[in-house]
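Below is a structure I'd like to ask you about.
We call the chains A, B, C and D, going by the order they appear; numbering starts again at 1 in every chain.
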Amino acid sequence: MQVLSRLAVLLLSLMVASMAVFAVVNVLPGDPAAVILGTSASPQQIADLHRQLGLDRPAWLRYLEWLGGLIRGDFGVSLISKQPILPELQGRALVSVPLALFAMFLALAVSIPLGIVAGVRYRSLSGSLISALSLGGIAIPAFWAGLLLVTIFAVQLHVLPAGSFVPWEESPVGALRSLLLPSIALGLVQGAVLTRYIRSAVIEVQREDYIRTARSKGLTRGQALRRHGLKNAAIPVVTILGLQLTSLLVGAVVIENVFYLPGLGRMLLDAVRNRDLIEIQDLILLLTATVLVINFATDLSYRLLDPRIRASR
Amino acid sequence: MRLLRAATLPILLILALTGCQSGGGNAGASPGATGKDKIVVGFVQGPTSLDITSDATASIATMLRDNLYEGLLRTDASGVLIPQLATGWDTTPDGKTYTFHLRSTNWQDGTPFTAQDVKFSWDRARDPQNKPANPHLDYWAPVSSVDVVDDHTVKVSLKQYSDNFLFRMAQGSAAIIPKSTHVVSTNPVATNLATQPVGTGPFKFSTYLPNTSLTLVRNAAWWGPKPRLQQITFRFITDANAMNNALKAGDIDAIAQLGGPEQLPSFKSDNNFRILEGAPAGKLMVAYNNSKGALKDVRVRKAISMAIDKKAWIDGVFAGYAVPIGSHAVPNVTEPYYVDENQVNKYDPTEAKKQLAAAGYASGLTLHLAEVSDFPYAVRGGDILNSELKAVGVTLQIDTMTFNDWLHTVFLPPQDYDLTIINHVEPRDIGNYANPKYYWHYDNPQVAQMVLQADAEQDQAKRKSMYATVQKQLADDAANGYIMSPKQIDVIRANLRGYPEKRLSTSLYLAKAYFS
Amino acid sequence: MGVSAATEAVVRVSDLSVRVGTVEAVHSVGFELAAGRRTGLIGESGSGKTLTALAVMGLLPDGLSARGRAVYREQDLLALSEGELCRLRGDRLGMIFQEPLSALNPVQKIGEQVAEPLRLHRGLGARESLARARELLERVQIPGAVEKLAQYPHQLSGGQRQRAMIAMAISCSPELLIADEPTTALDVTVQAEVLRLLDRLVDEEGATLLLITHDLPVVAGLCDRVLVMYGGHLIEEGAVGEVFDSPRHPYTLALLESIPSLDQELPGGRFQAIPGAVPGLGQFPSGCPFRNRCPRATEICATMPVLEGEGHRAACWHPVS
Amino acid sequence: MSSEVIGLTEPGLEPAWRRRSGLNPSLLAGGILVGAVILAALVSYVWTPFDPTHVVVSDRFQPPGQGGHLLGSDALGRDVASQIMAGARNTLLVGIVTVAIALLIGVPLGGVAALYRGWAEELVMRFSDLVLAFPALLLAFLFAAVFHASTLTAMGAIGIAFVPVFARVVRGAGLQVMEQDYVTAARTFGSSALGIFFRHLLPNVASVMIVQATIAFAIAILAEAALSYLGLGTPPPTPSWGRMLSDSQNYLAQSSTLALWPGLSIALSVLGFNLLGDGLRDLLDPKLVQRIPPQ
């Protein structure tokens, strides 16, 4: 029941977000044709493009058509390449989605052990060291990390590609190799942020009364943390994880441009540069929808983890 | 004169020479693609359409002309016109009528190639109503009619002699397309050739992944000697670094036009690669709006030209792989009329200041630079220009824009700009100075007249001297800030043979290529 | 050291000090918990009573350290390794905490939490231990024990939570049960029930009880002996009747006088607040910690007096008659 | 859409007795780093070792220390150290304008929500939900496409993306303030909403705002650097750290240190503002600092 109402909120949010995107692109500045053609195109050119884009029809109708198309899986046709957008989108997603997943996996693989160690030993040197490193990691822009990795592994050592992508169909191994450095760059920085949150969650949890209770039952510190602490610590971390996934998604947009990966981020940037408004509209909504869905999933998993919330409405 | 139409906008030859970053992504290549009979060639940019007669992106001509599509004739590496689909041609003494004798061969779809196809192709190309329009409509300006004599003979009548005519018919957009299969689709900007190209050349279409790759396979029925390569893949890699790395990693076998010349040293020291340093091509310049404000004054234009240190640009922008030019011509076979005007408006900041003072701008002058952020050369050049102009008291306001914006504000009306950095790669385009409405707004009736006369002049010596006069006048007028002609540089795997050694940018003929 | 109990001592604490960082919060405390007896440990917040108990259990929070001895069956609890301590805690030594909501794991079912010591110390399997847990919940009189097994702490009432807590603590029939203000967080009506329950269970189990509280009537009703702490010092101890009837330390007296009503008659029979406030940690005066609030204080109080007396002992230079 | 009330780094974990005693190391380190950035920016107005935009092609790719170039020279022979100094100006400008936009829009919105409740509050909260669905960079992309990409679109987008954070914090704190007896008293005595906003609400949220603004500053720096790196931020010739990084990428083989300095500058400034935010939080101890997802 609660899940259904959350789902309704998600759908409503998606609607509103799509309206917002459509409004910014189509309504706010006035004329998309002028946007595409530049500020001072000739009236004839603008009129031509108007017809081509169907701009002579009311905005609400075009909005509904766009939305209807999206629901039917018709993402429209790129203004620049004149190709349908959906197949391109699908091809690009084969780069971006694995990239984001690898990076997230890496971030978790790094941050969970480090965060727990730093949390358990927060008073010792190793804990402080991890903490300081992660604070540094937060400050490092992922694209700079990418550049440094390229300098070391591609330019100096020649062991990994500096960019470009080998399509999966041609060579899965090659594709993985292409995604390795970008995933590391993205994952390490995200991992630093996560480490910090896991660390504080673990520290907080260790001070909880129920950990003391658990120890009073005869559990060692480690057992108490494992059996009673981690699930509790996971609750705030999951919330952060949702936010982190979002920032990872945005980070992927940037990192794709560092490594020249033909993913959604590169597509978006090219669309922005070429003012391919149809593509921009689709891509921004797609990414925003992903953010909303991630938030929704976070909300759900939060409920699964915490019986207190599960019970109350 | 070249016309650009709104319908074919996101294009332009200017994209060709330099690593342009607009338009689409890229991809790497299959590792170990250096198989005996398959080649992967890296290109900076993929075509927006596979119809060579409707897309002016330079890369499409380079990839497909002579490989998939053929014309009646083609230019060899030394600039000589040689027969292709025509076995030969006759010219009347007045130079106004050409009779082409056609080869007996078939299209890649099996239908026979006839004179009807030639007439269809060229009539279509010169028809301004046609959509999509040929990007080089002006190539056919001198043509009055194209007539079929018989199945294998075609006669072309010109209004007057044109020196450029044959040369231009060897270019990509003058390729012959099949009449039978060329059905204009409902999409106003694409023909069926845009996705399923059919030609007469040594390689035929296999697959096309937009922004990723284009693959051709050997045409066993080709009229020439059987190509040794079984398959050609053109892979699109926008970024120079990624491209260089792909070659080093073995993902590709050749880079057609190196994007980042500053990285050449790393290839030079490696025996696995050969650097093919081609002829200079293209005119990289700071274009002046000759009709705007202070720039109307020749002294101001001269001052800017004198503030520019060509050596700094050649080293800073193209790592030394360019030659200085002093007027609108390049020293290569396509422009045999070239004369060296580098002595005019030589780098001299002191004299530049004097000229500015004489023009009344002793206390300073502010100019706007329309900078295309898609082109690394324009961005680097903008930084250099900013510094150089500052030294002579001119403040530069840089307005960055995409190439698309540039087309619609600078190149096409309203043509509202002061300065812009651009590389004109189209050969023999000096005729643009005859058009006062061209975006430079250079308006000199004598030059205009002489340019037109030169093309109609059959006497080679006379023609050459006319062009020389025009070049001198352009330099003296400082019509634009002529800087350099970047060299065509390809880097290939050392065991790749038969790759055009000193190629012109117009096509990359791979029928003779093989791996040793 | 005076031995006041006839029976054998379960735990003998001597010279126990607890430091919070660099500040000493509990100063050389010594006492014995006689087998089968109930001892009340009283004092205001900040007197060090909870720290003393936690030190005995080896459960001091990070950054706090204990010195001294707390001998349980020939073993000094303070010198034991974590592993050895873990074998005792929850089995021989049980503890009940003040705030049952925070002391229970919010994301684990009650049944699991109650069953855990049995699995740990008795080696019971999942099914057996849950069955035992149900019995325990029934024993602590939680209605609907079967459903409660599968519920989470937030689904129980405050009293039920504390009962579950008690069930957990007695699951292995500990020899020593420490209850740290077990009823403070509960409603007054529930308090009495829980105390009655505790009373009964301690009787049934024959456990030794250390009841920490600031509620004097509770001690009076439940305990045999009483320890009074102030400022980290043990300042008075003795049989409940003796101490409450004739307190020797002025602080104990003041404490008793501050209680509005009590079953027995108070000296003076009036309600009186102790002047001044309890100082913060490390801000007690040197010597007797109470001297800045004590009406009887003299210069000699700048030196800490020792506990004196047989059976009923007090640390004061100027004891109440 | 649930926004956690949690700091960017963990809340003060040290026990109170230790926190109170002695120096706050975060505040000190953060202060030094931020101070260095401000100093570099200010000094660059009157002096840099070289003109940061002056091109001397023959002098290019000088290693650090050569030819008077403390940090070396770039592909066009420009002095890297001078560019870094001048780039600090841009970084600070972006941070200040961004945070100012967020404050100027977010604080009144949050104030209105807290003061008037009802549909006004609902509207503000739904608006922030909507904006929160658009990460700063996505918003910047959208703006760059619709308007012309410039420092302004970048700052505007990042600033707007921060608005919900400030609006929510002000609303949250405002609701608490409104419960206070003296505010209730002030209202019954006829104080205007504006009066309550300025007299009671603002002073109460000031410390939260300071901490929040400091953290937002750090994120703004990161976001602007990313945008400039992608060519959607600060246009040339204004020196910008993000664009320096994107330039350097073409020359990694020639000079690997070129990518080092601007990246280090960004990282240290971000670290500085983060530490400063942490230190200020410990010092001012506001309880409601919201987390802004980085980048």
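As a convention for this text, contacts are C-beta pairs under 8 Å (C-beta built on N, C-alpha and C of every residue); 3 or more make two chains touch, one makes a residue touch a chain.
All figures in this text were calculated on a predicted structure; none of them were measured in a lab.
Most remote chain with respect to chain C, judged by CA-atom centres, is B. When the C-beta pairs in contact are tallied for A-C and for A-B, the bigger tally goes to A-B.
Once the centre of each chain is set as its mean CA position, chain A and chain C turn out to be 52 Å apart. Once the centre of each chain is set as its mean CA position, chain A and chain B turn out to be 41 Å apart. Computed from the mean C-alpha positions, the centre of chain A lies at a distance of 21 Å from the centre of chain D.
Taking each chain's centre as the mean of its C-alpha atoms, chain B lies 46 Å from chain D. Counting partners per residue, chain D has 148-149, 231, 249, 252-253 as the residues that reach two or more other chains.
Those residues of chain C in touch with two or more other chains are numbered 63.
Residues of chain B in contact with two or more other chains: 241, 373, 401, 405.
Looking at the complex, you find that chain A touches chain D at residues 9, 13, 16-17, 20-21, 24-25, 28-29, 35, 39, 122, 135-136, 138-144, 147-148, 150-151, 155-156, 162, 193, 196-197, 199-200, 203-204, 236, 239-240, 243-244, 246-247, 249-251, 253-254, 257-258, 268-269, 271-273, 275, 277, 280, 284, 287-288, 291-292, 295, 298-299, 302.
Chain C contributes residues 57, 59, 61-63, 82-83, 86-91, 94-95, 97, 99, 102-108, 116-117, 120-121, 152, 154-155, 165, 168-169 to its touches with chain A in the complex. Chain D makes touch with chain B in their complex at residues 51, 53-55, 57-58, 60, 75-78, 148-149, 231, 235-237, 249-254.
Within the complex formed with chain C, the chain A residues making contact are 123, 206-210, 212-221, 227-228, 231-232, 235, 305-308, 311. Put simply, chain A touches chain B in their complex at residues 36-42, 45, 48, 80-83, 88, 91-92, 150, 154, 158, 161-167, 170-171, 174, 178, 259-263, 266-267, 270, 273-275.
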